[in-house]
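Some structures to go through are shown next.
First chain A sits with chain B, and in the next complex the same chain sits with chain C.
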Partner chain A sequence: MSDVLLIRETLRSWITERSRKSLPSPLLDDTALIEQGILSSVQVMDVILLIERMRNRPVEVDELKPGSFRDINSIVRTFFQGEA
Partner chain B sequence: MASDELKATVQKLSDRSRQAYANPYTSLDFPASVPVGQDWFTSPELISIAGTPDYESLEDVQKRTISFYDAINFFSLNIHGEKALLEGLARRLYDPNLKDLSPYLHHFLDEENKHMVYFGEFCTRYGGKVYRDRKVIFPRDYAAGEEDFLFFARVLIFEEIVDFFNRRMGSDERLNQVARQINQMHHDDESRHLVFGRKVVKELFEKFRTVWSPEILEGVRSAVSAHYSAVWREYYNPDAYGDAGLPDPYGIAERAFSGAEAPRALRQKASKASVDYLIGLGVLEKEPAL
Partner chain C sequence: MTEQNTTTIPGLTWYGSGQSALHGDLLERFRQIDLMFVRIAESFRATDIALPPLISVHQLQKIDYFSSFPHLFTAAVALDPEEANLRLFKATAGESSNGLQLTELAPVTEVLVPAACYPLYIHIQGTEVAPSAIFTTRANCFRREKEYVPLKRQWGFTMREIICIGSETEVRAFLDSSRSMLNRLFAKLSLDVSWEQATDPFFDPGTNPRYVMQRVDPVKFEMIRSGLSIGSVNFHRQYFGEAFKIEHDGGPAFSGCVAFGLERWLWALLDQFGSDLHRWPDLSAEVVV
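Now for the complex of A and B:
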C-alpha cells in the first residue's frame, strides 16, 4: 500500500471508530466531516494529534484555513501534501 | 436584567477585588533559573501520567523532570484558557443583556490578564516557550442566550478544574517555591471568579432553559459535557513528554487519556465539584464520560 493510501485508510478507520454518528460504510473521502457532524470540535483536537503522530511534525493550529478538516481529501491535501 | 442576588454578588466581589488589587510584576520573585530534575514543580500525585506503567517505570530524576514540563503545560493551558476568556469577557463588557455584570467584568479582565503575566513569565523564562494550543473552534449559529450560557459554563468548568490543582499545589511544601506561589496566587483570585461563575451560570440557565426547545437544550447539555473532554485532552501534552526526554510521547498521551485508570480517577476527582454543581442545576443529567 502506498503512503497516501495508508494515510487515507488510517484516517478513515480512525474517524469511523471514534465518531458518535452511525456512518455510511465505507466512509468516503469526500464525505463532509464537520458539516454532517461526524467530527466535533473536540474530536478535531484528536485528529490533530493523530496527524502529528503520523507525519512526525507539529500542526500549527493558528495557520489552519477554514475547510482544512472538511473531508478526508482536504485533510490529506492540507497536512500530507508531500506524501500525496 | 440580573437578579438582586446576582447584583449583590457583583458588588461584593468588586469590593473584594479592589482590596486585593495586586501588581503582578512585584508580587513574585522569579529566580534566574530553577533546578529542573531536582525540584518538584507539579505535585507528584497530580502529574498527568502518575500511576501509569509509563510513569512508574521511570527514575526519580525523570519523574521530577516531567513534573517541570507538566507545570509548563499546565501554565500554558491557563494562558490559552485565559486568552479565550479575555476575548469573551471583553465582548460582553457593557452588553445590554449583561450590563449589570459589567462592574465585575472589569476586575475579571484585569485579574485574568495579570495571571497570564506570571504564567507567561514562568513558561518563557524557564521553559523557553508557551506550549501551543491545539483547540479548534468551528463557528456556528446559536439560539437566544445559548452562546452566553455556553461561554460562562465553559469558563466555570475550566476554572473549577484549574482550581482543584491550584488549591493543592499552592499549599504543597514539596513544590519549588515559585511554582507553589503561582498556584497559590492564582487560587486566591480564582476563588472570587468561581463564586461569580456559579451565580452567572445558574441565572442564565434558569432564564433560558424554559425558552429553549428540547433539541437546543439537548445540544447545550452535549456541548457542556464535551467541554470536559476538550479541557482534559490538553492536560496530556506529547510536546511536554517529548521535552522531558520520554520515548513515544504521543503514545504516552494517548494511553493516559484513553486507557489508564489512575489518570481517569484524577480527572473524575478534579471534575467532581463542577459536575455535581451542573447536575444539581439540571444543566447535566449525568456525569460526562471522563
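Now for the complex of A and C:
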C-alpha cells in the first residue's frame, strides 16, 4: 500500500471508529466531516494529534485554515502535501 | 474613587472603571441605533424577551465558559452572611485604599452576563422549539479587558441580539437574510463597514477545541470598522442545542445569532460623521426597511 493510501485508510478507520454518528459505509474521502456532524470539536483536536503522530511533526495553528477538515481529501491535502 | 470625565463628545461621560454615561442628544441617538435593530428583529417576527442580569455559574459550566474565557468574566460576589464575618467586614471596610477589603465570601454562584444570548438558551433549556423561533433581547454585558477605551472597549456595555433557533436550514437562512439587511443598512447610512471572518476571544486558544473548530469551520463573521468589531453574525451549529438540551425536530436544535455592540455602533457613527449629531444620517427605524 502506498503512503497516501495508508494515510487515507488510517484516517478513515480512525474516524469511523470514533464518530458519534452512525456513518455511511464505507466512509468516503469526500464525505463532509464537520458539516454532517461526524467530527465534533474535541475530535478535531484528536485528529490533529493523530496527524502529528502520523507525520511525526507538530501541526501549527497557522496551518489550520477554513476547510482543512472538510473531508479526508482536505485533511490529506492540507497536512500531508509532501507525503501525498 | 471612580474618576469621571466629560469627554470632548457632548453627551458622553467616561468613568475610569471602563463604563460610560450617555445623556442628551447622544443618548437619543443610542436609542435610535437600538431601535434600528429592533426593527430588523420585528421583520423576522421575533419575540422580545427581557432576561436577568446574573447568570448561573452552573449553567455556564455546561458550555465550558470558564475554561474558555477565564479572562473575561465578572463574578457577582457577596460576603458570607455569617454574623461574625459581617462584623469583621464592617470593622475593616474602607481601610484599604486599593479597592474593597473583603472578608469571607459566600460561594460564587452567579456571574454578570457576558453575552446577551446566553440567558436565552438557559431560559428555554430542556424544551422543544417547534417550529423554529426567533427572539430578540438586549442586555447590559460585562467583560474584563486589559484596557478600556470610551465606547470602543468597556467593562460594562450594551448588547442587542437577534437569535434564531430551529433547523440548520432555517438558521442559515436567518443569518443570510440578516446579513443582507445589514448590508443594505450600511449602504443607506453610508457607513464604511466590512465583513471579516473571526474567532471568539478564547483564553489560550491553541489548546481550545472550540477555537480550532472556529478556525477550520468559520462560523463567526464580524462587522469591522477601522479594525474594531461593532457586531457579528454567528452560526453555532448544535452547540447550544446540545449543551442546554434544546430540541428541534427530534434532535438538538441548531442556533445562530446576530449581535450588536450598541456603544461601538455609537462610536462608529461618531467616527464617520463627527460629534455634530445634526450631520448624522437618519437613524429612524424606517431606514432599515
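In this text, the second predicted complex is superposed on the first by the 82 of 84 C-alpha atoms of A that agree within 3 Å, B and C clash if a C-alpha of one lies under 4 Å from a C-alpha of the other, contacts with A are read in each partner's own complex, and residues count from 1 in each chain.
Rule of thumb we're sticking to: a contact is a pair of C-beta atoms (placed from the backbone, for glycine too) under 8 Å apart; a residue touches a chain by one contact, two chains touch by 3 or more.
Treat the numbers as computed from the prediction; the structure is a model and nothing was measured.
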**Asked** For the three-chain model obtained by superposing on chain A, do chain B and chain C clash or fit?
**Response** clash
**Touched partner set for A:V61, first chain B, second chain C, both or neither** = both
**Message:** Once chain A of both complexes is superposed, is A:L6 in touch with chain B (first), chain C (second), both, or neither?
**Reply:** neither
**Item:** Which of chain B and chain C A:A32 touches, first, second, both or neither
**Value:** neither
**Asked** Which holds for A:E52: it touches chain B only (first), chain C only (second), both, or neither?
**Response** first
**Item:** First, second, both or neither for A:S41, with chain B first and chain C second
**Value:** both
**Request:** State which residues of chain A lie in both footprints, the one left by chain B and the one left by chain C.
**Result:** 34, 40-42, 44-45, 48, 61, 64, 69
**Request:** Please give the residue numbers of chain B that touch chain A in the complex, ascending.
**Result:** 132-138, 226-227, 229-230, 233-234, 238-239, 250, 253-254
**Request:** Note which residues of chain C are touching chain A in the complex, please.
**Result:** 197, 205-206, 209-210, 212-213, 215-218, 237-238
**Request:** State the interface residues of chain A toward chain B in the complex, per the touch definition above.
**Result:** 34, 40-42, 44-46, 48-49, 52-53, 58-61, 64, 69
**Asked** Contact residues on chain A for chain C in the complex?
**Response** 34, 37, 40-42, 44-45, 48, 61, 64-69
